[in-house]
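In the two assemblies presented below, subunit A is common to both, partnered first by subunit B and then by subunit C.
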Partner chain A sequence: MSAATQGSGLVRTRLEATALMLPIYIYYSIFLVLPYMLMFYLSIQRYDPVELYSNDIDFSNYVDVVTDPFYLGLFARTIGISLFVTVVTVIMGYPLAISITSARGKLKAFMMILVLSPLLVNLVVRSYAWLVLLGDNGVINSAVMALGLTDEPLAINRNWISVSLGLIHISLPLMVLSLVAIMERFDKSVFEAARSLGAGEWRILTRLHMPLALPGIAAGSLLVFCTVISTFVTPQLLGGHRFSTISTVIYQKFTFSLNWPLGATLAFLLLAINALVIFAHGMMFRERHRERAAQ
Partner chain B sequence: MNSRGVQLASFLVLVFLIFPLIVIIGASFTTTPYVQFPPTGFTLKWYGDLVGRSDFLQSFIDSVVIGLVTVAGVGIVGTPTALSLRFGPERGRQVLRSFVTAPLTLPTIVTAVALLQVYYVSGLDFPWIAVTLGHILVTLPYYIRTLGAGLESLDPSALEAAESLGASRKRIFFKIIMPGVVPSIFAGMIFVFITSFDQVTMSIFFSSGSFMPLPIRIFSYIEFAIDPMIAAVSTLLIVVAFVAVIFMQKAMGLERGFAA
Partner chain C sequence: MLFSNDIAPGDAENVVPSLTISDLRLSYGSFEALKGIDLEIARGEFVALLGPSGCGKTSLLRCIAGFNQPTGGSIALSGTDLTKVPTRNRNIGFLFQSYALFPDMTIEKNVRFGLDCRGVARSEAAKRVQDALELVGLSNLATRYPRQLSGGQQQRVALARAIVIQPDILLLDEPLSALDKQLRQRMQTELKELQRSLGITAVFVTHDQEEALTMADRIVVMRNGEIRQIADPEALFSAPSDAWVCEFVNAGNLYHGKVETHGDDMVGVRLGDHSSFRARRVEGLDPADSVIFSPYHAVKAHPAPSGTGLKVAAVRYLGLAAELQIPDGDNILRVQVPVAQAHDFPVGSFVTLSADPDDCGVLPLGGIAPTGMATP
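== the complex of A and B ==
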C-alpha cells in the first residue's frame, strides 16, 4: 500500500479521487457554469424587439430595474411576503415540533409521515387544493355563504392571502424538520431542573427552550425564506396576474414578453438576494447550511 | 413543555397540512360537474374520463420516461462522486461538497432560464432531452447526499480489516461497500424519480403544445378550468407520494432519507 493511502482502501491517490469526480465536473461545467455565464452575458445586453437582444454591452438593465418603481414594488412585495411566511411557519411549526419530539414510537412515526408526505405531493396539486378551498365558489366561500355570514365571496383568492397560505403550506414541513432536528438534541434534564426550581412553563419556554432552539429556528428560517422567495408555481397559480412575485415576472419575461435580457437581470438580482441572505446567516451563526428544498 | 395547548395547536397545524389533500381526494368522487367538498354522491366517472384522455396519458408516459432516464443519469454521474467524497483525501472535501450541492442553493427558476438560454443558442429541438438534463442537474445533490450518508454509516473497522487482510479493491467494493449502501441507493433513486416526476419549474420553460410532462399538463389545465377530473389525477399523485414515503421509511428511515 502506498504512502498516499488514507486508510480507505478504495481510493488510493488524489488522482483517482479526481478521476471519480470527472463526470460531475464535466456535467456541471456544461450544464451549470456555462449557462450561468451566458445568462450573465445576456443580462448586460439590451432588449431588441426584433432580434431578441442586441450587442450593446452595459449595465443599463440593472439600472433600469433598481430605478423603476414597478420593479422596486415587486421586490418589496416578494421579500415582504417571504418574511411574513417565514415568521408564520416558525409560529405554526414550533408547537408541532415540540409534540413530535416528545412523542414516541408509532405516534411519532405517524406524525412524521403526516408532516413529510405533503413534501412529496406535486406542487401543482398542492396549489390546486388551495384553489379549490379559496376560490369564489370554493369550499370556504360556499360554507361561509351557506351560513349566511356574507353575501359576497370573501376576497381570499388571487391576492396575498391565497399566495401566503399556499407558500406556508409548502414550506411548513421544512421548518418542522429543522426544529425537530434541534429539539431532538436537547438535554431534557435542563427543563426538569428549571421546573424543580419553580420556573413556570412560559418562563421555561421563552428563557430556556427557545434560546436553545435558536440555531434550529435560524436554519429553518433560512431554508423557508430561500425556498419561498424563489418559488414559482404557487404564486403563479394562486396569485395569477393580480399578485406577481419576482419568479412569476421572470417566467413572464422569458415566455410571453420575450424580454430575455430583463428576465436575466431579474434572475441575477433574485440570485443576489438569496446569496446575501445566506451570507448574512452564515455571518450570524457561523454554521454551514447547505440544506435547501427543491423547486 | 408538551401541554394541552401545545397538543391542540399541533393537531390544528397537522389538519392545516393534510386537510387540503383530503379535500382533493374527496372532490374527485363527486357526482357534480364542478368541484365540491364534501362530495355529493359517489362516482368514478372522473377517473374514467381521465383514462380516455390521450393527452394526459402521453404526458404521464413522458414524465415516467424522463424520470427513469434522470435516475440512470444521476446514478452514473453521482455514484463515483459520492465514492470520491467518502474515500478521497480529507483535504478540500468540504469545498467539493459545497460545489456538488450548489444546484440546491441556486434558485431552480434561475437555473432553468439559464439552461433555456443555452438550449436556445444551441439551436437543438429536443425539448425532452433538455428537460432531462435539467432534472439530472437539480436532483444530483439529493442522490449524492443520500448515498453519502449511507457510505458514512459503513463500519470503518470492516473496511480496515478487509484492507489489512489484503482484499482486492474489487472485492472490497462488491463485498463490503455495495451490500452496505444498497438501501441508500434505493432510497436516493426513489427520491430522484419523485423529484423529477414532480418537477415543474425546470420543465415548464421547455414545454409546448406537443411536449408536456404531466405536472405541466395539469398546470396549464388548471390555469383555465378547475374540474373534478383534475382532482382525480391529483388523487392518484397523492397516493403515489404516500406510497413513496412509506417505501423510503422502510428503506432507510424517514428522517435520514430527507435529512440526507
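== the complex of A and C ==
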C-alpha cells in the first residue's frame, strides 16, 4: 500500500500518536500527578510546630483521623449533606427534566437557559446572594420580622439549611442535564404502547419511565455527590464557623493551623471517598451497559 | 381460544359496524393533517390505510388510538363515542414500527403488562400470557429480554402483548417496515392469518401497496389528508378512482393525449402515429380533463413484421411476467406478457398492440400533472 493512501488518517503510527499526546502527558504529569504525589508524601509526614513537617514517615495521620470522633463526625456530616443534596436534586430535577424533554422549540430553549443560568454566575457572587437572602438581617428575616411572625431571626443561616440551599442551587443543573440527556433518547412509543395497554400515568412513571431513566439518575447523582462533597466556596461562605465540611476544614488546616500533613491526609481521604463512589457506580452500571451493548 | 367471534369477516349481509369515523379533522396550526375523514369499518375487517408519507394515514390511526386529539369530528367504537375517552380506557392494541417493547422487562412481563393494568388475577394472567406467546410461536423465549430477540421476534412479542388484552380493535402503524423483505412477507401472511382466525378488527397503516394488497380486505387510499378511494384490492386495480390513485398503486397504463369523443358511448386518445386507445365513455366526466386507463391485463402485444408498428425499447423481468417498454410519441407504454413469451419480443423487435375497450376506462386526472404520465 502506498504512503499516500495510508496517510488518509491523521495518525499513522504509534510513535506519531505518542508524539501528538506528549504535550498533554507533560501537562498532566507536572501539574496533576506530581502535586498529588507531593501531597501524598506530605500526608505521611508528621506535623512539626517549628519546621511545619518532619520526616517521620508513617501513616499515623490517617490513624489519628479515623479514630478521632471529631473527624468521624465531620466525615459523617459532609457525606450526609452530600447525600441529602443529591436526593433533593433528583426529586426536584426529575419533573423538571420531564417537562424540558416534552417541551418544544423556543419554550424548550428558554427552559434550558433558565436551568443553566446558575452556572453562568460566579460561585462566590451566588453564595453572597444567598447571604443577602438568608442572613440575620437578610431579605427573608427582615420580611418575617416586619410581619411580626417572629422576634428573633430564623435559624436559616450558617447551618445545614443555608449550605444545602446553596449546594442544591449549584448542583441542580448537573442533575437536570444528566436526566434530560437520557430522557431525550427515550422511544416515546414505549409510553404510548403502555397507554394503549391500559396503563395510567403513575404506573408508566414508576414501572417504565424511572427504570429507563435509572442510568441517568445514577450518572447525575454521581456528578452531584462528587461535586458537592468536595465543594469549598459554598460551605465556606454559607456555613461559616458553625457548619464546616471536609473541604473547609482542609482549608483551615492549611492556612490557619498550618498543619499541612493533616490537611493533606484529609484531602486524600476525601479523594478516596470520591474514588470509592465512582468505582461503585462503575461496578453497578458496567453490567447493564455491557448487556445493552450486546443488543 | 383467546377470542370468540361468531361473525364471519367480510360477510356483507351481516356487517356490524365496529368503528365509525365521521368528518374527522386534525390540524397542527395552519396545517390540516386530516380534512374530514369518513370511514366505517366492520367487525373482523382488515383495513389498510395506504398513501405516501404525509398523507395523514398515521395521524388517522393515532386519532383512533387517542394519541392525537382530533380538532373536529368523531370516532365511535360499537356505537360508543371515543372522542373524549383517554387511550388507556379505549381497549385497543397498537403495534409500532419500533416494536416499543419495554426494554427492562422480560418477554413474559411485557406480554403480561396489559393484564396487570386490568387487575387480572395472577394465575389467569399467566395462562393467557402463555396462550398468547404460543399463538405467536415464542413460548420458549418467555424469560428473555427484548434486546436478546431479533426484529421479527420482537414484533411477534409486541403482537402477543397487544392481543392478550383482547382489544376491540388492533391498530398497526407500519409494523413490518423495519424487517427485511423475506421476513416481512412471511410476517404479512402470519399476521393476516392470525387476524382472521381471531376475528379481530384491524386497521393497518402502510405506504407499501403490495403489503396493503396482501393483507387487507379493504384498502383506503389517502392523499393530503383526504380519502381518495376505498375499495377492495381487486376493485382498486380494475377501477382506480382517478389517475393519481392508478399511478400510486401502479394499476396500469395511463394514456394521456387529446381525449376525443367517438360516437355516443366511446372516447379515445391517439398517442403517436401507431396507437390509439378507446374506452367506454363515463357519464359526467369531461373528456378534456381525463385520461384513458388500461389495466395491465387488458393490453395484448402481437409480434409484427420488421419495420411496421411500434418498437420494443426495453424488457424488464418482473417474475412471472415480463414488462415490455414501448415508446410511442411522448408516452411509453408498458405491456406485460407471460415470461415464457418474452423471447417473442426481444429489444428492437416490432409489435402491434390491442386492447379491449370494455376493459379500459376513463379516469379524471385527480390532480396529477398531465405530462409524462405513462412513463415508468
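We take it that the second predicted complex is superposed on the first by the 278 of 295 C-alpha atoms of A that agree within 3 Å, B and C clash if a C-alpha of one lies under 4 Å from a C-alpha of the other, contacts with A are read in each partner's own complex, and residues count from 1 in each chain.
Keep in mind that, in the parts below, contacts are C-beta pairs under 8 Å (C-beta built on N, C-alpha and C of every residue); 3 or more make two chains touch, one makes a residue touch a chain.
These numbers come from a predicted model, not from an experiment.
Partners subunit B and subunit C, brought together by superposition on subunit A, fit side by side with no clash.
Using the contact criterion defined above for the overlaid structures, shared-chain residue A:S196 touches subunit C, although it does not reach subunit B. When subunit A is checked against subunit B and against subunit C, the one touching more of its residues turns out to be B. Of the two partner chains, neither subunit B nor subunit C is touched by A:M283. Of the two partner chains placed by the overlay, neither subunit B nor subunit C lies in contact with A:A146. Of the two partner chains placed by superposition, only subunit B is touched by A:P23; subunit C is not. In the composite built from the two structures, the nearest CA pair linking subunit B and subunit C is 13 Å apart.
Residues 291-292, 294-295 of subunit A contact both subunit B in one complex and subunit C in the other. Residues 1-3, 5-7, 9-10, 13-14, 16-18, 20-21, 23-24, 27, 34-37, 76-78, 80-81, 83-84, 86-90, 94, 96-111, 113-118, 121, 133-134, 136-138, 140, 142, 159-160, 162-163, 167, 169, 172-173, 177, 194-195, 198-201, 204-205, 215, 218-219, 222-223, 226, 230-231, 234, 237-238, 241-242, 244-246, 249, 254-255, 258-259 of subunit B touch subunit A in their complex.
Those residues of subunit A that touch subunit B in the shared complex are 1, 6-11, 14, 16-18, 20-24, 27-28, 31-32, 34-36, 38-39, 42, 92-93, 95-96, 98-100, 102, 109, 111-126, 128-133, 135, 137-139, 142, 169, 172-173, 177, 180-181, 191, 201, 204-205, 209, 226, 229-230, 232-233, 237, 247, 250-251, 254-255, 260, 263-264, 267-268, 270-271, 274, 278, 288, 290-292, 294-295.
In the complex of the two chains, the subunit A residues touching subunit C come out as 187, 189-190, 192-200, 203, 207-208, 211-212, 291-292, 294-295.
Across the complex, subunit C meets subunit A through its residues 65-67, 86-94, 96-98, 100-104, 113-114, 117-118, 145, 147-148, 158, 161-162, 165, 171.
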